[in-house]
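Multiple structures are listed underneath, in structure tokens.
Presented sequentially are two complexes of chain A, the first with chain B as partner and the second with chain C.
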Partner chain A sequence: MTEVRTDGGTAVYLYGVARDLDPAALPGTGVAGAPVRGVPAAGLTALVSTVRLEEYGEAALRANLEDLAWLEATARTHHAVVERAARAAPTAPVRIATIYSDDDRVAEVLTSEGGRFAEILDRVAGRTEWGVKAYAAPAPAVQDAPPAEPSSGTAYLRGRQREQRRRADAGRRSAELAGELHAELADGAVASRHHPAQDARLSGRTDVQVLNAAYLLDDDRVEEFLAAAQRAQDRLAGIELEVTGPWPPYSFIEGDR
Partner chain B sequence: MAALLLHRRGPVTAALDTGGGRPLERIALVDLLDRLLAGGVVIAGDLVISVSGVDLVRVSLRALITTVLDEASGEEAP
Partner chain C sequence: MSWTGARSPLAGGSPPGGGSANLADLLERILDKGIVIVGDVRVNLLDIELLTIKLRLLVASVDRAKEMGIDWWEHDPSLSSKARRDGVEGGRDRELEEENRRLRERLAALEAGGAGDGAESRKESRS
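Then we have the complex of A and B:
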């Protein structure tokens, strides 16, 4: 691990690696407002910009990643750079906040990791990622029963067990629906990945997220995929689908594992 | 602002118009972080940043949740 100075020096932020990228299509502005440039090596182009170590050095980065406003600004800029490149040429996004000492080190990495990048770029060329989230409305409260004052302890317990069973059944049904839905969507995709369900506090929704998945689609299969999602939406009562895309292939960097 | 995104509501149901790849709406931060914090090529950088992978996700989600809870409890960010 190289020691990097933190005294007002600079470093290089790596966004992603593209192949056959027309330099004219290089995205304009990177994090902290610095211009994005291409570092060519091994037939690839690394998308980078210069950052100050006082903001992107190790200690600063550790603190900044805890700062939501900073994290959001960095994430949005990182995404904007990768997305513009990905529209122009096959592009492998790199994990957020990957920092090198200088352009020479980036070129070295392109050379040493060239085989791996080639493999990734082959896999994602001509394809985009699409996100599908599915929400199930919470099971409605039972109307038909419990008297306001249970007549006995036994009746109360029975009522509670019934309620627990009902919730468990509803959960199982939602999970089954999500499984069916995923199988149907995955059918039209080259690959798929499940993301962890988003915390309700983050998604701001009160219904239950039963699916949070990403699908890698051939460009000419996108319309078909969206039509399948629409059909599923029309068919599945109580399930709401949210589709996002096209995304650069963030979720499809690793091969099948 | 993060608050609007995090509290985004209402049916954005199956936003199925791709219209040549125009962004349909401002991307929800939570969807972006799903991808940026757990996706992308992981390569060793020159900085000794150990907050990668799982660690980074935890760090960031803690930041998110803290913010959301602060907002919910009516505290204003400066």
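Then we have the complex of A and C:
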């Protein structure tokens, strides 16, 4: 492994790997305002930009990744570069903060990992990722609510038990609906992945997220998929869909398990 | 139905890129997905406290969801948040996790050598 100097000096930030990318389509500006350029090797193009080790060396990176503002800016730029490339050519995103000492090292990696990149690019070429989240409205309050001041401890506990059962039942119904919805959407997709449910503090919503999934779609089946999502939305009372896309194929880097 | 997408059938949609993507949607893809290859600057993202906390935050509603019987992600091995969370909370677990990671790297290196290509393995197993 090449030794990286951490005093002064520069390194190379890798965003992703593309195939058949027209150099004119190279995304303009990368992290830290540096221009994005392509490093060609093994029939592939690595999207990179030069970064200063002051900011992207090991110690600096460790500290910066703890800084939410820095992290968000870097994540958004990383995404913007990958996304622009992905619109122009099949592109496989690399995980954030993958850094090499110089272009030669990047070329070396393209060559040594070429088979793996090719496999991924074959899988995602002509396809995009779409995200679908479904939210279930909280179950309506029960009609026969227990009295505000229960007559006894037993009555109170029974009331609580009833409330828990009711919530569990409502949850099971939502989960079933989410399952049906997912099956329907997955039908029109090449592959699908579940993401963990997002916390309300991040999703900014109070209703329950019952589905958070990503679907890999053939370009010519996107309209069909979106129409299916719209039909599901019209049919399912109490469920609200949120569709995002097109995304670069982040969630489909790993093969089917 | 709300929409964030370039090809939205509804008016006013915008692609998830640039500044418009929901941060949670973005982070769950950028931090946790993408090809993992070992760079020359070696920082294990799982060692970064903020990232671990953010990833935990992504699934902080797990307990509530489970109470309702929603547990689909548990069948997806890539969603290793539970293992991650356990690793953060227990020092002993963390040691084991670290040892595990080293052993897997060593194994990957040995396997790559045994496969006859002689190249040093640069693949990092996802932990």
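Couple of notes before you dig in:
Here, the second predicted complex is superposed on the first by the 254 of 257 C-alpha atoms of A that agree within 3 Å, B and C clash if a C-alpha of one lies under 4 Å from a C-alpha of the other, contacts with A are read in each partner's own complex, and residues count from 1 in each chain.
Rule of thumb we're sticking to: a contact is a pair of C-beta atoms (placed from the backbone, for glycine too) under 8 Å apart; a residue touches a chain by one contact, two chains touch by 3 or more.
Being a predicted model, the structure only gives us computed values, none of them experimental.
The superposition on chain A brings chain B into a clash with chain C.
Of the two partner chains placed by the overlay, only chain C lies in contact with A:Ala175; chain B stays clear of it. With both structures placed on the common chain, the touch criterion links A:Leu14 to chain B and to chain C.
When the shared chain is aligned, chain B and chain C each come close enough to touch A:Leu71. In the superposed model, A:Ala34 lies in contact with neither chain B nor chain C.
Once chain A of one complex is fitted onto chain A of the other, the partner contacts of A:Ala186 are absent, as it touches neither chain B nor chain C. In the superposed pair of complexes, A:Ala107 makes contact with neither chain B nor chain C.
Looking at the shared chain after the overlay, A:Arg205 reaches chain B, while chain C stays out of its contact range. Under the contact criterion defined above, the residues of chain A that touch both chain B in one complex and chain C in the other are 1-2, 4, 11, 14, 16-17, 56-58, 61-62, 65-68, 71-72, 75-76, 78-79, 92-101, 105, 109, 113, 116-117, 120, 131, 195-196, 198-199, 201-203, 222-223, 226, 229-230, 233, 240-247, 250-251, 253.
Interface residues of chain C, counted against chain A in their complex, comprise 1-9, 15-19, 21-31, 33-43, 45, 47-51, 57-62, 64-65, 67-70, 72-73, 76-79, 81, 119-120, 122-123.
By the touch rule above, chain B contacts chain A in their complex via residues 2, 6-9, 11-16, 18, 21, 24, 27-43, 45-49, 51-52, 56, 59-69. Of all residues in chain A, those touching chain C in their complex are 1-2, 4, 11, 14, 16-17, 53, 56-58, 61-62, 65-68, 71-72, 75-76, 78-80, 83-84, 92-101, 105, 109, 112-113, 116-117, 120, 130-131, 167-168, 170-172, 174-175, 178-179, 193-203, 208-210, 222-223, 226-227, 229-230, 233, 240-247, 250-251, 253-254, 257.
Of all the residues in chain A, the ones that touch chain B in their complex are 1-2, 4, 11, 14, 16-17, 56-58, 61-62, 65-69, 71-72, 75-76, 78-79, 87, 92-101, 105, 109, 113, 116-117, 120, 129, 131, 195-196, 198-199, 201-205, 212, 214, 222-223, 226, 229-230, 233, 240-247, 250-253.
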